[in-house]
Structure formats: C-alpha cells, structure tokens
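To keep things simple, chains are lettered A, B and C as they appear, and every chain counts its residues starting from 1.
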Amino acid sequence: MDELLQFLVSGVVTGGIYALIAIGFVVVYKSTGVINFATGELMMLGAFFAWTAMAVAHLPFAAALLVAAAGAAAVGALVERVVLRPMLGQRPISIIMVTIGLSSVFKGIAQVVWGGEYRSFPTIFPRRPVELGPVVLPSRQAWPFLIAVAAIVLLAALFRFTRTGTAMRATANDQATAFGMGIDIRRVFSLSWVLASVTAALAGVVVGIIGGISPQLGAVGLRIFPVVILGGLDSIGGALVGGIVMGVLENLAGGYLDPLFPGTGVKEVAPFVALVLILMARPWGLFGTREIERL
Amino acid sequence: MTSPPASDLILSMEQLALSFGGVRALAGVDLQVRRGTISGIIGPNGAGKTSLLNCIAGFYRPQSGRIVFDGRDITRVPAARRPALGLARTFQNIALFAGMTVLDNIKLGAHCHLKTGVLSALAFTAEARGEEEALREEVERDIIDFLEIEHLRNRSVASLSYGLQKRVELARALAMRPRLLLLDEPIAGMNEEETEDMARFILDIQEERGITVVLIEHDMGVVMDLCDRVTVLSFGEQIAAGTPAEIQADPEVVRAYLGTSGAGVRRG
Amino acid sequence: MLIGNYKVSYAADQAIFRTPASRAWLWVLLGVAVAFPFVAGDYFLYLANLVGIFTIAALGLNILTGFTGQISLGHAAFVGVGAYATAIAATRLGLPFWLAVPAGGLAACLAGALVGTPSLRIKGLYLAIATLAAQVILEWVFTNWTGMTGGIRGINVAPAGLWGFEFDTDRRVYFLVAGLAAFHTWAAANLFRTRVGRAFIAVRDRDISAELMGIDLFRTKISAFMISSYYAGIAGGLWVYFAKVVTPESFPLSLSIQFLAMIIVGGLGSIKGTLFGAVFVTLVPEGLRAVVQGATAYSPDAMSWLAPMKDIVFGAMIVGFLVFEPHGLAEIWNRIRRFFWLWPFPK
C-alpha cells in the first residue's frame, strides 16, 4: 500500500511538471494554432540561462529565474516575429516543420555556447528530504515540484485576472470577433509566444534541477504529447489534469510493469500507448474543443 | 395541380426535415423534379436552399423524410456513392482543388466512373493508359470545347478569375456524367457577360444533353428565364411551387420576399 | 507554362517527360548513373547508396504527406519495420534478397495500413501526433522484442546474392539501389497520371468536396498510407543489404524528421523535388563535414564543432526553405527552366 502511495505521489510530482510544460504548449496552440515542437528546446535554453546566471554570474536563485524568464521571453518574441508570423495561414505540415527546424537550431546553438556535457545546478534547496505524511520525497523532487505549482498558479491568475489574459482568451475563442473588438491580434500572438517561452523556461529550470542540464534536455518535450492529447490540445485546465494523469500513469507503469518486462523502460512508452487509445476513442481529449466540419 | 407519373420524376422528396441542434433548417419539404427540366429553388437567405441541396448530395442526412432518385431511395446512401448514381453538384463557395490544373480538376470529376486500381496505376499498365487517354478525349470533346476553356487547360485553378473558376466547377460536374446536376448559385458574383455565358451553358446542358438541372439562384431574372419550374422556400418550408409565371403572381411569395431584406421579386 | 511545346496526341501530352530537352536530360542522367560506379571512389559510392535508399523512402513520404496531405512523423519507423522484416526473412526463412526485400515492403505496408486506420476518425495535427506515437512505440518494439529483433545487438545479414554474384561492396550494392530507386521513382510518377493520384491530391486540397465528388476518403487515405509505407519498407530492405546489419537506433524520430526535411526542401507534392531533396539533405551534412575537416588545419579541435553545426544548418535549412521558398528546390528548378526556355529573349 505504501508502495502504491509512493508511486502515486511521485506520479503527481512528475505530472505537475508535465502540466507546467503542457500549459506553455497549449497557450501557443490555443491562440495561434501552432503545434510547438520547439517547446523542449525552449525549456533547455531557459535552463541554461538560469544555470549561467547562477554558476557563472553567481546570482541568487530568484534572480536566475528572472534571467531565465527574460531570456526566454526575448527568444519567444524574436521567434514569433521573425519565423512564425510570415508563416501565418500556411499548411499544418509547414508550421510543424518550422518549429522542428527551430528546435534543431536551438540545440545546435546550445552546444556551441554551453558545450555538450552534462551540468548541474549549484545546490539551491536544503538537502533534507521532505516528508508528507507517510510519503518521503527527496529534496530535489519536492522543491522543483513546488516551483512548478507556483508557476501554474501564477499563470492561471494571469489569464483570469489581467486584461492581457482576457484579450488572449477572447482571441483564442474567436479571432475575427476579437479583432472586431479592437484587440490587436498580432500583439496577442506575440504575447502567447512570450508567455509560452517563459513557461517553458521555468519548466526547464525545474527539470534541470532534478536531472541536470544538457543540450539534450529538450527531449523531454516529446512527453507533452500524451498530456495535451488527453487534456485536449486547446484546454489549459486539460493540460493540468492531463499532466497529472500521465505523470501518475507513467509512474504506475514504471512501478508495476517494469518488473514484468525488465530493462525495457515501459515507463517511457506507456504514455504513448495511452495516447493512441485516447486518439481512437476521443481525439479532442477530456476538455478540448471538438472541431466541427463545415463545407 | 396533378402530380406527374412516378417514372417521369427523376427526383422526389417527401417530408424532408433537417435541423441543427434545435435550429430547423428544413421543415417537411416535398419537392418533385421532372426528368429533363430545369428547376429553380429560390428563397430569402437562410431559407434552407443550400441545406436542401446538401441533403440531395448526401452531405447532410435528414432526420426524417425520404429522397428518391430515379426510382431508388437514396436517403441513406453515403455521399461518396451518390456521384456514381448520376448526381453531380457545384458549390456555392467554389470548391476546386487548388493544387491541380484545370484539366486535372475536370478529370477528377470522372473519378467514380474510372477503374484503375493502385497497382495498375503504379505500373501504368495498358489498361490504365487506355483509360486515361479515353478520359482525356472525352473531356476535350464533351467538356473543354463545350465550355470554351481550351486556353485554360494547364492553368492552375488558383490563378483563374471567379467567373472562370465557376465555369471550371461546372466542367468538373459535367465530367461526373450526371443525370441530375445540382448548381448552387451558378452565377452569383459574375459580371453580365459571364452571366449570359453561364445561362447559355445551363440551357445547352438541359436541351442538348438531356441532363436535369436543379439550381439555387438569387438572380430572379435568370431563374425566371431558365427554369421550367420554381420552388420557393422560406424558413425551411416550401411556401410555393409552380411555373415562373405562377410564382411571380403568388401573393405569399411576394410577402415572403418583402418581409425580409432579401432581394425583391423582379424581372431582369 | 512553357510556350511552343505543342503535342499532336493526348498520349504525348500525358508523358512524364514532355519536352525534348527533358528527355535529353533523362538520357544524360541515366548515362551518369550507369557510369558513376566505374569512376567514383568508395566514399562517393557509399553516399550514392545512402541517397538512393533515402530517395525511395522520401518518395513514399511525399506520396503520403506532400500529395495526400497526411502528415507522418513516423516514416523512419516504417523503414525500420521493412528492415527488420527483410532481415528476419533473410536470416530465419533463408529467403534470397529478391524475396526478402519485397517481404520488407509488404510488412511495412501492413503496418502502414494499421497506423493509417485512425485516419478515418482523426486528421491533420491529430493524425500527425498519432504517427509520432507510432514512431515511439515501434522504436520501443525494435529495442525490446529481443526474440525477434535481436534487441540492441540487432541482426546481421549476409550480402545479397544473385546467381553466385555477391552484392558485397558498396560498388555492387549501388546497382541494386540505383535500379530500385529508378523503378520506384517511375512508379510514383505513374501514380499521378491516373485517378488514384488525382484522388490523393483532391483529399489533400479539400477532403469534404472530394468526398462529394465520389472519392472514398478512407480508402484513399489508407491507400496512401499503404503505398507510402511500402516504399519505406523497400528502403528498409535495401538498408539491410547496404549496412549488412539492422539495429534499433538506425530508425529514430530524427530520421523521420530528416525525411520530412527532404520533401520540404525538395518540394511537397513533387516527384522531381523529392529527388532533389533526398540528394540535398543527405549531402549538405557531408559537405559540412568536408569544410570542418578542412578547418582542422587551422584549428585542431574544429571537429568538435561538426555536430552542433550540423544541427544548426539542418534546422536553418528547414526554416529557410519554409519561409523563403515554400515550394522547395523543385520550384527553383522550374524557374531556371522557364528562364532558359526563352533564353536569350527576356521574359
């Protein structure tokens, strides 16, 4: 029983981080219709920004987070303006491939700037494990999880209570009407990329604290697909729920199935099997919008 | 008014009803089309004209009622099977395939009458080659010449004017070898010359080829000139049907039109 | 459109090579292709084989993605299915290569039908994500179905042989690869001279009106998936006799992306473009390697820059083409052709 609880809790921890990554992805999809394959690489860049601020410039952690956010925001704005905007209205294949191309460029640049080897963050949090009732979480999981939760809460508040958030939601619902209401759509597009990049950077820092940083960190970006398909590609609440569910599923599969198939990494593949099943049963996910065919 | 014998009818609808989540698009429409005629469907915007056409073409499935085409109940026949039965249509908002040339768009219309399978296509067997050559001849002789679009053959459809695109759409529908041709606003947005050309083509299609035509159109002059019979829809209901002259004299039709901001009944 | 190129029969107008110049080019190309193995060194033969195998795979992907509009992020996995099926047919069943390679094609074709089945319900980005899942799952199967695939150690395969002739060097494999690449290019071009290819394009451009034109959407999409993965499977089968070994890491997601890059750089929905793209995307990294190798004379650790430079150039190439030349090399070729058609007269 304790074992199950342990799996569930580490599932929720993983899931909270997935949720954060997925939210950045959904923000861009919801307001611009772009499937952002560069999410993982934006995370990686954010993590390196924060690492550089701490390890090279010896800034405190909070300042490093700000540096990461600012750097990512600049990258996001630049990418939207220079690459994505000229692509508006192109076929989905082009949009997908342009973000894949960007991810390759980011990975290459990171290797040039920071080299290919693994790095880890300087110690930030107390090493003492965090105890939550019967469950014990190692410090380097518990604290990043808390950062992820804080970031999610912050983002939700931003969407709910600020004018910009309202404008973004309106644009996502109906671009034409939003335009008619005087909302500057281009600004909203740009903002979504900035917001998504900042979110990705925070997620990157979180992932980097747990597992170290390298130019390969972006590979974790692939994991968001099961999450966003479960939650619904255009639902922020869905990203949250999908993240937690997939995190738990992954950990349960790892805990109970891995011993049956030793050394196979069932954990890695289980979410994708789930993804296929969801697509067959309910492609728009739990909370996504069902597309309606029109002639 | 006596109803014509069944064998004389190419299309008949009985009590056709269609609604979208509580919004009634068609409320029990009865429509009968006689073989070899041109029928017009008119009515103010939102009257259900295009919905009716979509039901005939199979894009919408009516909640109740029956559609009988040439003696066969097609109410439940999937849309993709209907062209093979002899139903063809054009679209209100032009639905050509932008990535293909004019010629390929037209050839595509004949899709359901061709047989080449994947393997014989890959190998371009003698049968496949023969079928393509025969199709090309048919298209050149019966369609491209007829619609006077020889000069457009190898143009990409995206580069054509609106009027010419409509003409290519008609060409594609003819390549479907229809017995019943459904035209959704065939002359909307055309200039006077293009309108005259299109009207002439529609008449020729009926007179020379014996193809039955059902068309939706807002231009009353053209409808009254071309059609043997006109049906008027308003809010999904059939409010009148008859010859152009009868329709023009019908007080209810006049009321339906004047009651909305739609086009008034006028000649020319 | 080229002016002054009149045809007197419909058959001539429907030929793949419609102008005397393009037929002349074809003969030149054939001559070069036949002479190549007798003059080229080992490294260039190795590259030529790689290009040939990738051409077949990329043709398959362009049929599915470029012509039919169904995005696949799992094409490399189908190449893998073909490779494993070929290797297993050759080693376990002892089939000769001329049966083992088609067996690979067939196996991949069936896998493609399976993965394509959801296209009945899902489309666009959702289908792309489904193919991504197929890539991840198949890769996992390659690695972990040890009894069948040999796990990470893979399967070793003896060279292809025919009447005592062994295709044991890159020079000899070249004939196999070049022959099959030419054959499959011809077949792909044929496809788009018939109703089958027209239906593919119609489904890509406007699926709903295609359906109302009498095209069975599901059958069309499944056909595209099957042809596409058959091509992938043949490429995989050839890969086996080229590399003489099959291992799971030969078919990663990054290879799927490389195939997509080929058809984008070459031209989506263009057979000719696929050939350009396969050559270009395969050779650019090699050119980069040559440049970096040259740079070692000045900076001894220049080779460490190769990997990141490859990533950057690869990504920039995709982005650059999509933003500045979305119709790819095929369109550049057409522009040059139109220019010289009327040369020396100005346009």
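Rule of thumb we're sticking to: contacts are C-beta pairs under 8 Å (C-beta built on N, C-alpha and C of every residue); 3 or more make two chains touch, one makes a residue touch a chain.
All of these numbers come straight from a predicted model, not from anything done at the bench.
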Average the C-alpha coordinates of each chain, average all protein C-alpha coordinates together, and give the chain whose average is closest to the overall one. C
Which chain has its C-alpha centroid at the greatest distance from the C-alpha centroid of subunit B? A
Subunit B and subunit C: spacing of chain centres that average the CA atoms, whole Å: 42
Quick one: report the Å distance separating subunit A from subunit B, using the average Cα coordinate of each chain. 50
Can you work out the whole-Å distance between the CA centroids of subunit A and subunit C? 33
Give me the residues of subunit B that touch two or more other chains. 59, 91, 95
At which residue positions does subunit C touch at least two other chains? 208-209
On subunit A, where are the residues touching two or more other chains? 295
Give the list of subunit B residues in touch with subunit C in this complex. 57-59, 79-84, 89, 91, 95, 97-100, 104, 107-112, 114, 116-118, 120-124, 128-129, 131-133, 136-137, 140, 154-155, 172, 176
How about subunit C: which of its residues touch subunit B in the complex? 1, 10-11, 13-14, 187-188, 190-191, 193-199, 201-202, 204-206, 208-217, 223, 226-227, 269
Across the complex, what residues on subunit A touch subunit C? 35, 83, 86-87, 90-94, 96-98, 100-112, 116, 222, 225-226, 229, 233, 261, 264-265, 268-269, 272-273, 275-276, 279-280, 283, 293, 295
What residues of subunit C sit close enough to touch subunit A in their complex? 65, 69, 71, 118, 121-122, 124-126, 128-130, 132-134, 136-137, 140, 143-144, 208-209, 253, 257, 260-261, 264, 268, 305, 307-319, 322-323, 326
